[in-house]
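So the structure is just underneath, and the comments pick up after that.
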Amino acid sequence: MKKIILTGAAGRLGSYLREPLSKLADVLVSTDLAENVGNLYEGESYVRADLTNFDEIKALLKGADMVVHFGAYGDEASFETILGPNIIGAYNIWEAAAQNGVRRVVYASSIHAVGMHSKMDFIGTDAPHRPDTFYGLAKCFSEDLASLYWDKRGVESVCMRILSCAQVTNARALGTWLSYDDLIHLVEQCISTPTTKFTVVYGVSNNDRVPVDNAKASYLGYRPKDNAEQFAKEILAETPPLDHSDPEHMCVGGPFASVELGNSGLATMNIINDTKKS
Amino acid sequence: MKKIILTGAAGRLGSYLREPLSKLADVLVSTDLAENVGNLYEGESYVRADLTNFDEIKALLKGADMVVHFGAYGDEASFETILGPNIIGAYNIWEAAAQNGVRRVVYASSIHAVGMHSKMDFIGTDAPHRPDTFYGLAKCFSEDLASLYWDKRGVESVCMRILSCAQVTNARALGTWLSYDDLIHLVEQCISTPTTKFTVVYGVSNNDRVPVDNAKASYLGYRPKDNAEQFAKEILAETPPLDHSDPEHMCVGGPFASVELGNSGLATMNIINDTKKS
Amino acid sequence: MKKIILTGAAGRLGSYLREPLSKLADVLVSTDLAENVGNLYEGESYVRADLTNFDEIKALLKGADMVVHFGAYGDEASFETILGPNIIGAYNIWEAAAQNGVRRVVYASSIHAVGMHSKMDFIGTDAPHRPDTFYGLAKCFSEDLASLYWDKRGVESVCMRILSCAQVTNARALGTWLSYDDLIHLVEQCISTPTTKFTVVYGVSNNDRVPVDNAKASYLGYRPKDNAEQFAKEILAETPPLDHSDPEHMCVGGPFASVELGNSGLATMNIINDTKKS
Amino acid sequence: MKKIILTGAAGRLGSYLREPLSKLADVLVSTDLAENVGNLYEGESYVRADLTNFDEIKALLKGADMVVHFGAYGDEASFETILGPNIIGAYNIWEAAAQNGVRRVVYASSIHAVGMHSKMDFIGTDAPHRPDTFYGLAKCFSEDLASLYWDKRGVESVCMRILSCAQVTNARALGTWLSYDDLIHLVEQCISTPTTKFTVVYGVSNNDRVPVDNAKASYLGYRPKDNAEQFAKEILAETPPLDHSDPEHMCVGGPFASVELGNSGLATMNIINDTKKS
Amino acid sequence: MKKIILTGAAGRLGSYLREPLSKLADVLVSTDLAENVGNLYEGESYVRADLTNFDEIKALLKGADMVVHFGAYGDEASFETILGPNIIGAYNIWEAAAQNGVRRVVYASSIHAVGMHSKMDFIGTDAPHRPDTFYGLAKCFSEDLASLYWDKRGVESVCMRILSCAQVTNARALGTWLSYDDLIHLVEQCISTPTTKFTVVYGVSNNDRVPVDNAKASYLGYRPKDNAEQFAKEILAETPPLDHSDPEHMCVGGPFASVELGNSGLATMNIINDTKKS
Amino acid sequence: MKKIILTGAAGRLGSYLREPLSKLADVLVSTDLAENVGNLYEGESYVRADLTNFDEIKALLKGADMVVHFGAYGDEASFETILGPNIIGAYNIWEAAAQNGVRRVVYASSIHAVGMHSKMDFIGTDAPHRPDTFYGLAKCFSEDLASLYWDKRGVESVCMRILSCAQVTNARALGTWLSYDDLIHLVEQCISTPTTKFTVVYGVSNNDRVPVDNAKASYLGYRPKDNAEQFAKEILAETPPLDHSDPEHMCVGGPFASVELGNSGLATMNIINDTKKS
């Protein structure tokens, strides 16, 4: 692997990926809207670029083997806010990848693409889309775009539907937690698997209470090691009886399943904030 | 039913729907980008509106019970061309519907949302999206949007995935034909069924060679009457052996499955042209 | 066929079956709680018997080839009311059948055994039970009993889950109607099919809007002819927008899906009253 | 958790649960037909009650958060014997739970509710009922009752279909064993999971030869630790070639799949004896 | 279509196909082991050839567009008897087709490739093989061979699993009958469909009691018209209660499901005798 | 277990099995085409026999309890080469087993029976056959033969579809590796499980990247321990980007999915060489 591009490199999850990715390729080009991302790792360079600017993205991807695409507005927001970085930005990434002959896009999709499904249905990777927010809707769009670019332009994609990659602080996260170590393991598998075509995989740790089924993505060899059950006793002791009629507690999307469309009110909860726009 | 809005009323399919819809409601408001649509039917009025202009759409839907949404750029085109009327336009329709308390959107989706599936798989209405074009990608987006507005805002939708509503001139159409009479029957069922939540249904006639499965949408009571087999002998006599490796002949999307992304070259074939922008 | 027993012969549906059953066997023994059922058909005799009395039932089934079992309390009611004729009565029928070497029980089960399933799921005959009332719960019990007597005692059963066998007076019935002619056709198939083991089949006419799937029971050769769509225009014109959150409109069980447990309040609606206890 | 009721507390499995349950709640009320259950654990009290007496059960459940329902006649027996504690008793528990606002019933269902399915089908939790005995039939009834009380009265239930919770003494048990530790773990998960609605889960250890599939109940976080394979070598060495035509060896219900209906002859085998009536 | 080869042309079914096939192609070459097949139709020629002789078959298929392959030993027989014409003969046909660039083989497969499946399972075209005889085993082999030659050599095949193409004289045939008209219709669809890849389809009329599911082969446009139900009343009147434990009555393979392996004893029943070797 | 027959005992895999099998039975009879297999284990004897000679095979199996059948031509070859040992040989084994009252055949089937399925479909044990070679076609034939002999003659079989039992030297083998220890464990389970009827199971280690699903064979208790992931880093470092259009990289059959029919060219690769004919 000669060259990897990492978008959203200044975001919470992107920051965790810079070091391991710098070791997987000769050259890692990190990018985000920020002016810089501080000290660089060996082999890493940083280029500021705006996902909504096709020319910048096309130039950025020149000569790349793969793109690890974590750049996006990282929370529920108005459709206008999502439209730019998450929808048009996704188009720019895949179109630039196709024009540059990039082999694969490893994409930070999200459980919120299917967030309104019940956690009692143990959905697989081929469940129909059922987004819970505009944020999730843009993930659906990007997955379909990835499918299209595979079928029509030969660009491979792995869409990692991350469940919740943050501290385990509530009952839902006992099932949905993705540890940072498992995130890194997953991204590495997505990169190293020789062929992936268009693949969907859930990004979740080896939790006892995992509510989704990764069986069909078995060939990726993703076998997470962490288990949120270590936090169960303490968290459940503090969890009051939950309201069955509240989608937050019944749907895999969790709080996003209940949130008002276009307005998460979750900014301070820090649940998903891959790439905050400044 | 007091008031129905028909978008894309100047388009080919929209034109066919004006008369039957004018009979189903006290008031039919037809709309399109054209200055007018010629003589109006009893109970019909015409309002020019641009799908990409939210204020115009919001005003248009005021007091409506249902929207029959056929307005869109009606052919494969560049992403830039599709983005406005087909993606932003879809958002405007559903958001305006929600703000106006409209009960249901009856939507002209398309087989091209799942066009890369093999015709030998007899896909049902819950097959995963697999678009064949940017045109199809926008249909995927609109279906997911419709799902979201049902789950979050209580707006019902029926997404009619029309297969091919045009003259039967080739072997594929023997399976995919939707006659105008069956189109009208389908739209009427989508309107008259008391509750639909979020429903997907294939728009296809009762063809012997139908390649998709409508079983799950059975409660709509859609039972098409026409059958393209009447044209089979003549068409097959003129059909040379087809190339198995060409997606056009193997996928439900037909020619769109083979077309270059962003450039259908089909403009003159008139296969799909719901609403041509002037 | 030498001898058929018909239970619930004084009930609404039982009354319709007496004449056709009298023609299918040398001897038809009709039974119910009533003192008599009026004039008898050729080959028919009437015996008063109480389903809750095993000795009476055992005597009744002596020498019979098949039992057509429509006797039951025919409405939602308190568990105490249902327990006797519908639960203990069912046990008495199958146990007496086994002791008498009766070949098959053709049983009037009901959609209410699975009434809480969504009409949008197009459930088949192997969907898990999901009763909507104590009435439906007793149907579940009888089906499981029938399964048990097939596996353990070699008594065949066909459980006909009747949807709604009554006048079409509301939107739901457009999908759920079973005409009297189709009921008779169905019962005749259940009797004449050479082997049935334990079979479940939906009792519903050939309605355009049928919400259940009989595919797995195909070998019975049940092909209904009537279609409630003839009543659609008139009924839908009088149907106001329905409440999506009311199970009555979303579940296959219809009004029973919404009714208070143990108290249908439907007595005067006459929807189901196979066998009224006096 | 303030108050838990344990029925069948004097039975074999109930006895194992008293101590761990006494630690999960402020108050544990144990109940059975016996006069007493010997020494009580801290927080435990004992109340004699008869499942067939609704008034006793209603009084017993007053103020309870959850009921752990293991009380039943614990072996195959005549229908008359099963009818009281296992069928009417079940109704009394759920109805009393609903009237008292009890949140959840954790129920000792049994593999015998689906015992006639082949062990080669690897059935999941949504396989149709297929009881092997009157004992199993009553489990089917109770599961359907639990489904009904969730849908209609908002009482949650977890139906634990226990496979075989006893010493491993034969080849079947290599697959069906549920160790006491895993039983306790399972009951704890059923209690601590914040929402369960109506859930079915198999109660079986982490045996290499497990013949059923718990995937859909994944959100309970039940991950058994014991494995009967430790006993395999010794037991298989003593197992003669088994008769393929004997349901005992081919069906998940094991000996109950072969037993004469209503008469297990297994009393001395001690396979299932949750609650022996004196 | 310029040239079609029909094997088994002297057999019962082959004889029926000669005339319609002669009209579908410029040239029809009929072949069998017999010296001649009597008067020839316009465009038809006859060539004696032995399926077990590769050189003869290779020469026969020269210049052909399609092969309609009905030649085989047409009854259950010893493995040695089946091995030549039905196994080695099948290899010769497909290998010769590949060497000659023949586009498609339309093959008379049989329900006996899956004959041990229960008629209550309503198996589709992708059910696993489950042969009932050596005759059926050779059909399995030929289907797998056809699959292989499609994947590796680009020869298309349609495997028509004929249920029973003979007079309706027993209860099973009410479900399994394939009328001669429907056979001809099916063969015509298999020939005229522009692309088929490797396809399996059941050859059965539009019988009310049809026990198999052709949904996945929908794109062939096979819609049979005849219905054996016209014979039902008479046949069922003469049908005694059938033995549930006899596979003949429970399996889709009918009498072959019960027959002794290698020895049908059915020669005089004339159920299947495509091509009798002299 | 008194007597086991091992065919293919001189082959690569057969050689590994001789010692463990010699410990499982009082008598192990090893057989192959070779004159001898060197030193014998305690309880082992060696008999030269030709699979294509029924009389030799019938004599060989006399008094045996089980046959472990690994004898076959062990590579892709012309149909003529495969026909003898792999097709006729298989018939001889099962027919001789039936005539001798042998209880079970444990058979070395192969992934090549389904080799053209995509590794992204995670196929189960009931996926339709889809052979990749004549070698695989003969495995399909043998599996169907095994099914037939179970249904008709009561001979049990376990068909172990071995993925790749050889050194891990390429990316595919990271998913398909079956270690020798796991092979032995699998064979032991196939022998010791009391009843198996007709069973299919995949022979593959506990690899992170395993591309097939063994869930339905769970009752065998096969739980492999080895994991090829230990070789992943080194192998993937040397693996160039793979060609998506090459079946070798996309299908579970690996190199056999791409090989020319009848001519593997793999002889020197030593991938599969159970039994080389001298």
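As written, the chains take the letters A, B, C, D, E and F, and residue 1 is the first residue of each chain.
Note that contacts are C-beta pairs under 8 Å (C-beta built on N, C-alpha and C of every residue); 3 or more make two chains touch, one makes a residue touch a chain.
Listed by chain with UniProt protein names: A, B, C, D, E, F = 3-beta hydroxysteroid dehydrogenase/isomerase.
Quantities reported herein were computed from a predicted structural model and do not represent experimental measurements.
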{"item": "Shortest walk length in steps over touching chains, chain D through to chain E", "value": "2"}
{"item": "Touching chain A and also chain D, the following chains", "value": "F"}
{"item": "Homomeric contact chain D-chain F: same or different residue positions, threshold half", "value": "different"}
{"item": "Cα superposition of chain C on its sequence copy chain D - rotation in ° rounded to nearest 5", "value": "180"}
{"item": "Chain centre separation (chain B, chain E; CA means) in Å", "value": "41"}
{"item": "Gap in Å, rounded to a whole number, between the CA centres of chain B and chain A", "value": "32"}
{"item": "Between chain C and chain F, centroid-to-centroid distance (C-alpha), Å", "value": "52"}
{"item": "Residue numbers of chain A (touch at least two other chains)", "value": "none"}
{"item": "Pairs of chains, among all present, that meet the touch criterion", "value": "A-B, A-D, A-F, B-C, B-E, C-D, C-E, D-F, E-F"}
{"item": "Chain E-facing residues of chain F, complex", "value": "79, 83, 87-88, 91, 95, 116, 126-134, 136-137, 140-141, 143-145, 147-148, 151-153, 247, 260-261"}
{"item": "Complex contacts: residues of chain F adjacent to chain D", "value": "103, 154, 156, 192-195, 197, 199, 215-216, 218-223"}
{"item": "Chain A partner contacts - residues on chain F that touch it in the complex", "value": "119-122, 171, 174-175, 207-211, 213, 229, 232, 236, 239, 241-242, 244, 249-250"}
